[in-house]
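Have a look at these structures, which come just after this line.
Same chain, two partners: chain A is paired with chain B first, then with chain C.
For the complex of A and B:
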C-alpha cells in the first residue's frame, strides 16, 4: 500500500499540479488563437510577468495576508491579474494591432510575439535579477501530510498549501470561463467572432472590443498560472518560458481554438509527463516474489528519465500533428 | 423620400472598378430585386450598400441621410441588415445564440424579437439548441435571415438567398421574404432565379457590366421582351 501512496504523490498529485497550470496557460493561448489566429509565443512570459507582479507587491506589503489568514501572494493575485491584463492589452496596442491593421500573415504575428517574449524576459530580469526567489516572503509554506487510516501504510499523502489553492483556483477559473462563454453576451460574441469574424462584424459586434476582452482574459489567466506555479516552486525569470512547449502541446492536443479542449489537453500533457517519468518498478515491488528475475531486479522502470521530461510534450505534439492535427475536440488546424 | 437611394455608385476592389454608376431606389415596404449575368456587379452592389466595399463616386442615402463608406456596425445601428450568400451563420453557436448575435447592438430586443423570428421561421424553434453548422442549407438560410431580422432592420439586404437550395426550399425562402416584407421591412436582394424573384419584386434592377441596363417594376421587366430575351433565358 505504501507503493500506492507513492503513486498518488508522484503521479496523481504531481499530474494534477502540472495539468492545472498547463490547462490555464493553454486556455489563454487557444483563446488568443481563436480570435486573432496566431500562436502567441509571449504567453509564457506573460505568466512570469504576473508572478513577478505578485512578488513585487508581496515584497512591498509582506504582512497584508496575515490579517485575513491567507498567504499574502494570493491577496495580491487579483491586483497582479489586473496589471497583467493591462500589460497584455498594452502589448497588443503597441505591437500586434499595427501589424493586424497592415493585414500581415499569421507568421509575422508569431515572430512579433517572439520578439515580445525576449523583451519581456529582459525587462523582468532587469528588475528581478536572474536568481530564484520564493513568493512566500513573510509566510510559511504549509505542507499537509495526510496519513491514510490503513494498517501498514507508513507513507503519508503529501500536499502543499499552494497546490490546494492551485486546484481551487483552476476549478473556479474553468467554471467562470464556461459561464462567461456560454451565458454572457460578450462571451457569445467572442465565440461568434472565432467562428466567423466578418459575419460578427456584419452583426454589429465591435471586433476591437472583443480583441481587448480576449487579452484581458488571457492576461488574467496567465497571471494565475504563473503565480501558482511560482508558489509551488520558486519564482524565476525564465520559469514559464520553459512551459511554452507543454502549453502549446496542450492547446494543440485539445484542438486549437477550443477552450474546453485546452483544459483537457493540459491534463493529458500533465499526466503524460508524470506517468512517463514515474518509476513503475515501485508498483511492482509488492509482487517481487512472483516476478521473473530480470523484471524484479530492474532498478528503474520509468519510460524516460526525469531530466528528459520535456521530450514527453514534444513527442505528444508531434504525434498529434501527424495523426490527428485537429486535436481531441476538432479544433482549427494551425 | 425613398427608403434606400443609391445614385451613380462607382466602386471596386483595389483600383479595379466593378460598379460604373449604378442607380437604385426602393421605397419603404418595397422589395427590390437585382438581377443580371455573372460578373455584372450584383453582389458587389449589395456589399457597397452595406459598407463592405469602398464607394469612390456617387452616394447612397438611407432615408435621405448619406451612409456610403460607413462601417457595417454603424449601418446595423441605423437600421440595415445584411445576409451574405456564404458563411452566413456562426456554425458552432446554437441557433438561438446565432439569433442573439443579430441583436448584439440591441440587447433589449432579444426576447421580443426571438419570438417574432420563431414565428417567421417555425422550424428554427425546434432546432434552437442545435449548432447552426449542423442544419440543412435551407434552415441555415433561415437562421441567417433571422439573425439579420433580430436587430429590427428597416431594410434587409439579401445576397442570393436561394443559391444552392432545392426547389422546395427555394419556394419556401421566397415565401418568407414576402412575409418579412409584409411585416414592414424593405428588401433589396440579389437573385439568380430571376423570373421567380422578379415575380415578387416591386422594383427590379437589371445590371450588366456594373451599370443599370433596365430599371422598372418587377412585373414590367418580366413583360419586357428585351429583358426576357437577354437576361431571362427567352
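For the complex of A and C:
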C-alpha cells in the first residue's frame, strides 16, 4: 500500500497540479486564438508577469494576509490579475492592433507575439534578477500530511496549502468562465465572434470591445496560473519557456478555439507528463516475489527521465497533429 | 487586338543606390570596429557574423521565400554543432579498445529491431487483423519494447560514462561534420515539416520551438555522447589554427573559408530564386489557392524549402561550433540562436539574400557592441541613482544589464514588423501593369 500512496503523491496530485495550471493557461491561449486567430506566444510571459506582480505586492505589504488568515500572495492575486489584464490590453493596443489594422497574415502576429515575449522577459529579468524567489515572503507554506487509516501504511498523502488553493481556484475560474460564456451577453457575443467574425460585426457586436474583453480574461487567467505555479514551486523569470509547449499542446489537444476542450487538454497533458516520468518499477515492488527475475530486477521503469519531460507534450502534440489535427473535441480552426 | 507584353523579367536596371549606401555604411562600421577593438577581435567578429549569415540565409528562404516561420533555429544549429564535434574530435581509444562499442552496437541493433517489429505490427491489418486489435497490439508492443530497449540502453550509456567518459569523435576532417550536420538537420526538418506543413502556419512555429528544446535537452543530458555540461573542446579547424600561424591570420583564413561558402550558397540561391522553381515557391507563398489551382503540389514544395533551410542552418551551426572550438550544449540559447537570426532576417529584408547578409553582419555588430554599451548605461544609471536618491544598486548588475538586450531584441522585432515589414532591403518583386 505504501507504493500506492507514493503513486497518489507523485502522479495523481502532481498531475492535478500540472493539469490545472496547463488548463488555465490553455484556456487563455485558446480564447485568444478563437477571437484573434493567432497563436499567442507571449502567454507564458503574461503568466510570469502576473506572478511577478504578486511577488512585488507581497514584498511591499508582507503582513497583509495575516490579518485575514490566508497567505498574502492570494490577497494580492486580484490586484495582480487586474494589472496583468491591463498589461494585456495595453500590449494589444500598442503592438497587435496596428498589425491587425494592416491585415497581416496570422503568422506575422505570431512573430510579433514572440517579440512581446522577449520584451516582457527582458523587463521581468531586469527587475527581478535571474534567480528564483519564493512567493511566501512572510507566511509559511503549510504542508498537510494525511496518514491513511489502513494497516501497514507508513507514507502519508502529502498535499500543500498552495495546491489546495490551486484546485479551488481552478474550479472557480472554470465555473465562472462557463457561466460567463453561456449566460452573459458579452460571453455570447464572444462566442458569436469566434464562430463568424464578420457576421458578428454585421449583427451589431462591437468587435473592439470583444477583443478587449478577451484580453482582460486571458490576462486575468494568466495571472492566476502564473501565481499558483509560483506558489507551488518558486517564482522564476524563465518560467515561461517551459510552459509554452505544454500549454499549446493542451490547447491543440482540446481543439483550438474550444475552451472546454482546452481544460480537458490541460489535464491530459499534465497527467501524461507525470505518468511518463513516474517510475513504474515502484508499483511492481509488492509483487517482487511472484514476478519473474528479469522484471523484478528492473531498476528504473520510467518512460522518460525528468530531464526529458518536455518530450512528452511534444510527443502528444505530434501525435494529435498526425491523427486528429482538430483535437479531441473538434476545434473549429485548423 | 495586339498583345505586346513588356518583358517583365528583364526589368530596367537602375543604379542600386540603396544597396551601395547601406553596404558602404556597413563597411564604415566594420572599419570602425577594427580601429577600436583591434584586428584579432574584429576578425573573430566577422567570422561569427559570417556563420550567422549562413543561418540567416537558411531562415530567409523559409520565411522570405515561402512564408514558413521556423521558431526553432537553435535546435538545428545545435545539431550542426554536435555533428561538427562528433566527426572532428580525435578518436577516444578508451572507448574503442574496450568491449563497449560491441555493446552499444547490440543495443542499436535492438532499437532497429524493435522499430521494425512495431512497424510490422502497425501493418497487421493488411493480413486481415481487425483495425482496433491491430492498434491495440501496436501500442502494447511499442510500450513494452520501448521499456526493454531503453533499459538496455541506459545500462550501456552509464557504462560508457563511467569507463570511457564519452564515446569521443571520429577524427575526420571538420568539413565532413559540416556536411553531415547539414544532412542531419535536414532530416529533422523533414520530420517536422512532414507533420506540420499541411496545417496552419502557427503549428509549425509551436512544433519547431518544441523540437529545438528537445534537441537541446538531449544533447545536454546525453553525457555518453556529448559529455553534456562538461563540454568538448578543442574542436579542430579545417585551416591552420592560431597555434601555428597566429590569431589574426588563422581567423582570416577561417573567414575566407566561410566567405567562399556564403558566396557559393548565395549564388545557388540566386539561381534557384530566378528559376521556375523559385517562381513557383513565391507563387505558393503569395497565393496558395491559385497556385494549387495551377496544379502545383503545395505541400511538397513547402517541404522542399523547409528542409533546404534546415540544411543551411545545420551547416551554419557546424561552422560556428568548429570556429568556437567548443561544443557546449548549454550555450545554445533561444535568444542567441533563434531570435537574433530572426531579427537579422526581418531587419535585412526577408526574401532578399543580399539584405539578409547585410542584416546578419549589421545586427551581429550591434549585438556584440551592445554588451559594453548596456553595462556602461547601467553604470551611468546607478551612478545617477546613487547620487540623487541614495539608491543602492543590486549586486547582480552585470547580468541584469545584459537582460536589457533581450528587451531590445523584442522591441526591434515588433517595431520592424510594424514600421518596416519588408526590411531595409526589400525583396524586389516585379509588377506587371
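Assume the second predicted complex is superposed on the first by the 332 of 334 C-alpha atoms of A that agree within 3 Å, B and C clash if a C-alpha of one lies under 4 Å from a C-alpha of the other, contacts with A are read in each partner's own complex, and residues count from 1 in each chain.
In this section, contacts are C-beta pairs under 8 Å (C-beta built on N, C-alpha and C of every residue); 3 or more make two chains touch, one makes a residue touch a chain.
Bear in mind that the values here come from a model prediction, so they are computed numbers and not experimental data.
K.L.:
Give one of first, second, both or neither to describe whether A:129 is in contact with chain B, with chain C, with both, or with none.
P.N.:
second
K.L.:
Have a look at where A:206 lands relative to chain B and chain C in the superposition and call it first, second, both or neither.
P.N.:
The first partner, chain B, only.
K.L.:
First (chain B), second (chain C), both or neither: which does A:188 touch?
P.N.:
first
K.L.:
So, A:157: does it touch chain B (first), chain C (second), both, or neither?
P.N.:
So A:157 meets neither chain B nor chain C here.
K.L.:
Does chain B (first) or chain C (second) touch A:284, or do both, or does neither?
P.N.:
After superposition on chain A, A:284 lies in contact with neither partner.
K.L.:
On the superposed three-chain arrangement, identify whether chain B or chain C touches more chain A residues.
P.N.:
Comparing chain B with chain C, the partner touching more chain A residues is C.
K.L.:
Please work out whether A:79 is in contact with chain B alone, chain C alone, both, or neither, and reply first, second, both or neither.
P.N.:
Neither partner.
K.L.:
Pick one for A:198: touches chain B only (first), chain C only (second), both, or neither.
P.N.:
After superposing on A, A:198 lies in contact with chain B but is clear of chain C.
K.L.:
Where on chain A do the contacts from chain B and from chain C line up?
P.N.:
Common interface on chain A, chain B vs chain C: nothing in common.
K.L.:
How about chain A: which of its residues touch chain B in the complex?
P.N.:
On the chain A side, the touching residues are 185, 188-189, 191-192, 194-196, 198-206.
K.L.:
Which residues, counting only chain A, touch chain C once they are in their complex?
P.N.:
Listed in rising order, the residues are 38-39, 41, 95, 98-99, 102, 104-108, 110-112, 114-123, 125-126, 129-131, 241, 244-245, 248, 252, 298-301, 303, 305, 307-308, 310-311, 313-314, 317-318, 321-322, 325, 333-334.
K.L.:
Considering only the defined contacts, which chain C positions touch chain A in the complex?
P.N.:
Result: residues 67, 69, 71, 146-147, 150-151, 154, 195-196, 199-203, 205-207, 209-211, 213-214, 217-218, 220-221, 334-335, 339, 342, 346, 394, 396, 399-400, 403-414, 417-418, 421 of chain C touch chain A.
K.L.:
So in the complex, the part of chain B that touches chain A is made up of which residues?
P.N.:
50, 52, 71-73, 76-77, 82, 84, 87-93, 97-98, 100-102, 104-105, 107, 147, 151
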